[in-house]
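The chains carry the letters A, B, C, D, E, F, G and H, assigned in the order they are written, with residues numbered from 1 in each.
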């Protein structure tokens, strides 16, 4: 019941054509899947594709089981990411700018996914706008980036500040950190959209993965245009 | 039907005791009131009190009628404020920091009300966080203030940035400028509350008046404590 | 009261350093500004910069007055955009994909701003997902783009569909078209964030301008990397 | 205290007239009920009606107890459904189209309830709009349906796409899958209502049951009109 | 730039294949379109299709201009609907049940669109649940319907009551009537989804058109199944 | 630090004047309080007042401890209510009308609090509007009431229906039952306010206590007026 | 098509049985109705009932036309109310307590409707909680009431304060006065529900009419119980 | 990678310049941090600063570990606060006014943080507006304060009442106590902003810490101005 581009595993129909279409195999969203399901999809993707295979939001114990079943993978506990066949460097520099300590888990997902897909990642932490001197001290590194991923919760103001400092693309990730008026990240998401800095773009709350994929799309178009 | 502290004008019962209780006569909210109603309340307040008498949110034509009926007042068109008997200086310095041009009407209400009640007001404009160099160029003036009123719409990030730069009280006014995700000022209000800068406080959307009154309360307590 | 990078016109403090910092002079948000204010800022930007000067959200009659005062500009009525010194082509192809007729005003702002800043723009209309054959008929053009700007209101589903069809960056603009459950664009904004397509990014409701500026940032980084 | 149409069990008053009125006995909402309560209601319904008796949202251990007390029933663990006396086929074809793996539990409730009431159900999985080729590959099956139930979370775009592909009734079920901007299914619900596809209808978040009952109403009216 | 199924008029790309695909030509959403645009699309649809051609949300003066340009149409002022070539009866009975007087404009759009597409429509008014005797007096007519469209604002309770009275499909249209807590129809929309009556479905706020199209889909499937 | 009307227990300052002021001693909100705290307040209230003493939202184990410490009280497990010195009948009849089984816990709190304060309570269950015949079968009992308390979740339509059937005061309690679009009771609360039945009033979500106290206020005013 | 209790005027079906059922003829909601429609309904109600006939939300010019067509009525411009045959006093005292001047229009609707249905109404103005001395000065009048209607916008705190001062029923009306965080009355509505005062009830935003009808229900039950 | 003002601990970059900039070392937000992380930051702050070092939101067991690692600190269990080197008195009087028992945890955080930074704190409990006599009994203490911190959940009305009673600054803290319409503190936050009392300011939901820091800013400016 599945065409040549789709492998039907019963519990999922795996899109093995995506690498050809979008330059990267389908990425597995691990949350809610059993080790057996993840292992099955990973094997399928490894067999039908050539590029990196990733599973996000994988907890420690699930990761151990999957790695036992499908060898040669690596687990990044802080990023909750499993990776097989990480990509070679595309020579595209991404800086992940993180507002506060509480935003680190999301930042690590962004950094690890970006690195696994071939981007060159640097992380800059604790640069929230309530301490502008710490942000300004990082200006040179930010300006040298091909793309900046801003990870910030609470009021999300870091996106506006970075947007005004750099000329390159800025992808903002609102996080669900903070409490009360932060509304689990909704306030940061809305604030980043209402930002006074022109041309910054936004992905879903806590979606380090989404930001990394947006950066990967950028890297590909930049690369395509390089003779 | 009103005690000694209240003068009943039929259409309103004027609280003439507030000056004694809070150091300032009742302020008239002009929106929706006729020139005759405003004039009547102004006369009552002038007669029963000694301090400044203010009417906010008064449009041009209403102001002209009221000033004709109750002489010796002054009208600030940009602030939409009518003032009689402005207060002498309390020697308390307030800086009104304004994110963008669209926030100016609210900033002017804050500045004019603060000045009429005896505060020494300076206004600093176009210091939104998307142009940090403009904000940083004003650091000295901000740090010299006894209180900073931050007026900002869109994502309201200026409040966090100023909160981190100065040690004095910061009163943030979200404005309803911007469109879409700004949600008529609700996003800025929530973002200012979720701010990563400790100890900043917030007043209602577009309430330049509220911020000025908060600053006036501060000035009084600072003055009371001065030998 | 303004450093060398800022020209103080009294009613505004113009950031004349932005061209150096971000590759493009400050863009004027025309809504709520008088013809005199817009003309003053345009003259300042033309004098202190070399690149294109733009004013967005300018109505017909205001545009006529401004063009009389500052010659050599051009007005695009459908986009409500004024442009002086449009940029030469950067050789970066942007396709603006529009869901329905009601989304056209926002799409035109995106297209006109992008063109004025040097991007090569094609517009594809009436490709909403309720008529997939019309969308699929445009696949080749979409896949040839360096970046796709998706403009869609109502449920915003076009962003997901395009995100799955192309490998390049996708910038989604939710619009306030539709009624009822569309909540003036908030539903489309949220839906685009919750999208099942990985790596698409989103800008503010109705912000054709924001999407164009995001594309301009992409074009610059792609160009920088081209030998 | 109950008329002939109502059987009062103390903890509930069972509507035994519904089969006559609406063609199907009352369906038991199992969540929060004890095995004894469910068993009591099931027995009452079996005794006073002739048609199928269903209990939804029943967990594994509760199901075991109820089946021990009231024999001849069957439990579908994935759908969390208990069924006695399933209906004979009405010859009405329903396709349940499912966007992603995470939507499967809701889809299974829809499919199992529909099947138990006599509908002929086919399920089509992993047809989210970010992979249009997988959806288009199923066009023939979708077009052959008498009704399509679309189960989709996140941005819910599948409803619009299917609504444009088929001529038959489309009942959309938003699910609470996804995170952040998905707002626990509210975004999908609103998006499905704002859909650009004409004539699709929507039921409550996660209500596979509601969609199945809507399809059953359709099947009955189609059947009534068949000579 | 348009395939054989699409006629490109410059300002719109008309989908002339929809009649073949869905049994009805594309319906024109008149709001925001000029008489010339509407006339152009109508002519195109009349030429390339055989069925009824409809334009909704058309104001009085626009209608007059369009009818002058494209003869043989009819305008229903209360429904704000223009119709050419109304369909012959499909023998499918729809009752439009209306809660209160304020809901009538939406009800009339539903009734007129349904009638133009070949459904047999009866309207029942003033049957809000605060006067149950008026609703119960209409029971027989409601039960004889093949489908009931419920149009109700405020708290939308009529949908639940009708859902419990009839066995046929119920399509509920929340309206934006009422004030305060009605939240412009959002309360009714949510309430109809949370309804305790099983199997009722809901369309967008004020979308009489959407309800009629849902009924048309039902009529087609019922007809298809009739020998 | 407390006047004669207030007894300061350290962890709470008990208002022992309320019985004189409002005809009933302060009622203890048990949630979050230790058995020792509840016992202390109960003893104080028993000593300084003559009327009934109540503690709401008390769990089973806490109740056992409190009753051991302060004898002569009674615990109603279903209502989670502790009562000492229940009031004699005021001869005022209250009917608690309950939409569905899931609303019973809230209804029981309403009924038990009302009974403890001297009201004559009857409970009518399973009268949701999706089964109007069950509601209509109870008309006589409802019309004989001095006040009806309506307890309903989901869409809350029962309040409108009862409001139209009876002439006496109707107090509606929205409950947090249901899922999805019910928004934890917010939908029912809004819907009850938007109701088409004139003169019904509403209390907080799940506040059986609030409804009982509203009924008690009614009973007192009715009694006061009885010679 | 209407039973004996309903008079069908074509544009409305008038419920002439309501007086018998609820002690008061149906009240006409004037907003959006033509003078002819209002006159027609008024005549019908006058003919088939004996009690007072009311039309609310009627503007000045409409009122003039209606009074010309149906003599012997009276118009209260401030309350926007038309009344024929006002009721004799029921001897039931209602105090309308108004927070501020801006709340007066809603308060006047409440007072005028209550008076027309036979209640004895007193209005107390300018008693917002920011000036507690003005509220406390009215304690005796408030405590003498059979029912207090509290009309308050902004934060709605007056309801809590009055609820704690009096023992009689309190019906709170949130108003849409104020700006920003007041959210057009939604904040006051929610705040009144979350009130710390036990047993106060709430009606819809700006519904002076709803509060008056709630008081009328109370007066009837109090009267019924008076020998 | 950190300038002289920042100490990089790997897991955090500590801002040791804040004491110079804002008069108080950085305060540690303990939630989510391990004892080792907290101990490390505390040691750094103690070494590089002279003033008080605080860690908020620290649970019992974490506190024990931290105190074992970094001696000479003190733990306030009710406030969940760790303090080293508490400040000497600044002679600035703060009254924390608490509406109800459930608001005490937030009030204790406010009081303990304020005391540790050198403010003279008094707490006044159980003064919610539903019992105005308890509030009025505390008027003298409230009026003697240099600043009042109001801690209130539910409808948050205490802020308005206190704002009208005192002339000094009022900082309002909405709390997430209550249920239903309280919306986890959002209702109180909005209501405090919409307050009819002029010049009160608001901090984030449950942020006793934020209110204390706002008071500390006030105390510093008052002190600075004292000769």
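Heads up, the rule we're going with is that a residue touches a chain if its C-beta (ideal position, glycine included) is under 8 Å from a C-beta of that chain, and two chains touch if they have at least 3 such contacts.
Computed from a predicted structure; not experimentally measured.
A.B. asks: What are the chains that chain D and chain E both touch?
C.D. replies: Both chain D and chain E are touched by C, F, going by the contact rule given at the top.
A.B. asks: From the centre of chain D, which chain's CA centre is farthest?
C.D. replies: Farthest from chain D by mean C-alpha position: B.
A.B. asks: Rounded to a multiple of 5, how large is the rotation, in degrees, that superposes the C-alpha trace of chain A on chain D?
C.D. replies: 90
A.B. asks: Taking each chain's centre as the mean of its C-alpha atoms, give the chain farthest from chain H.
C.D. replies: When every chain centre is compared against chain H, the largest gap points to E.
A.B. asks: CA centre of chain D versus CA centre of chain F: separation in Å?
C.D. replies: Comparing mean C-alpha positions, chain F is 36 Å from chain D.
A.B. asks: For chain E versus chain H, what separation do you get between their C-alpha means, in angstrom?
C.D. replies: Distance between chain centres: 57 Å.
A.B. asks: Round to the nearest whole Å and give the separation of the Cα centres of chain B and chain E.
C.D. replies: 51
A.B. asks: Specify, in ascending order, the residues of chain G that touch 2 or more different other chains.
C.D. replies: Residues 131, 165, 180-183, 189, 193-195, 198, 204-205 of chain G touch two or more partner chains.
A.B. asks: Provide the full list of chain pairs in touch.
C.D. replies: A-B, A-C, A-D, A-H, B-C, B-G, B-H, C-D, C-E, D-E, D-F, E-F, E-G, F-G, F-H, G-H
A.B. asks: Could you please specify the touching residues of chain G with respect to chain F in the complex?
C.D. replies: 21-23, 27, 92, 146-147, 165-171, 189, 193-195, 198-205, 209-210, 212-214, 216-218, 220-227
A.B. asks: Quick check: in the complex, which residue numbers of chain F touch chain D?
C.D. replies: 101-102, 125-126, 131, 133-134, 137, 179-183
A.B. asks: Using the touch rule from the top, collect the residues of chain A that touch chain B in their complex.
C.D. replies: 99-100, 128-132, 136, 153-157, 159-161, 163-165, 178, 180-183, 187-198
A.B. asks: Residues of chain G touching chain E in their complex?
C.D. replies: Contact set of chain G toward chain E: 2-3, 5-6, 11-13, 15, 17-18, 29, 32-33, 174, 176, 185-186, 189, 204-207.
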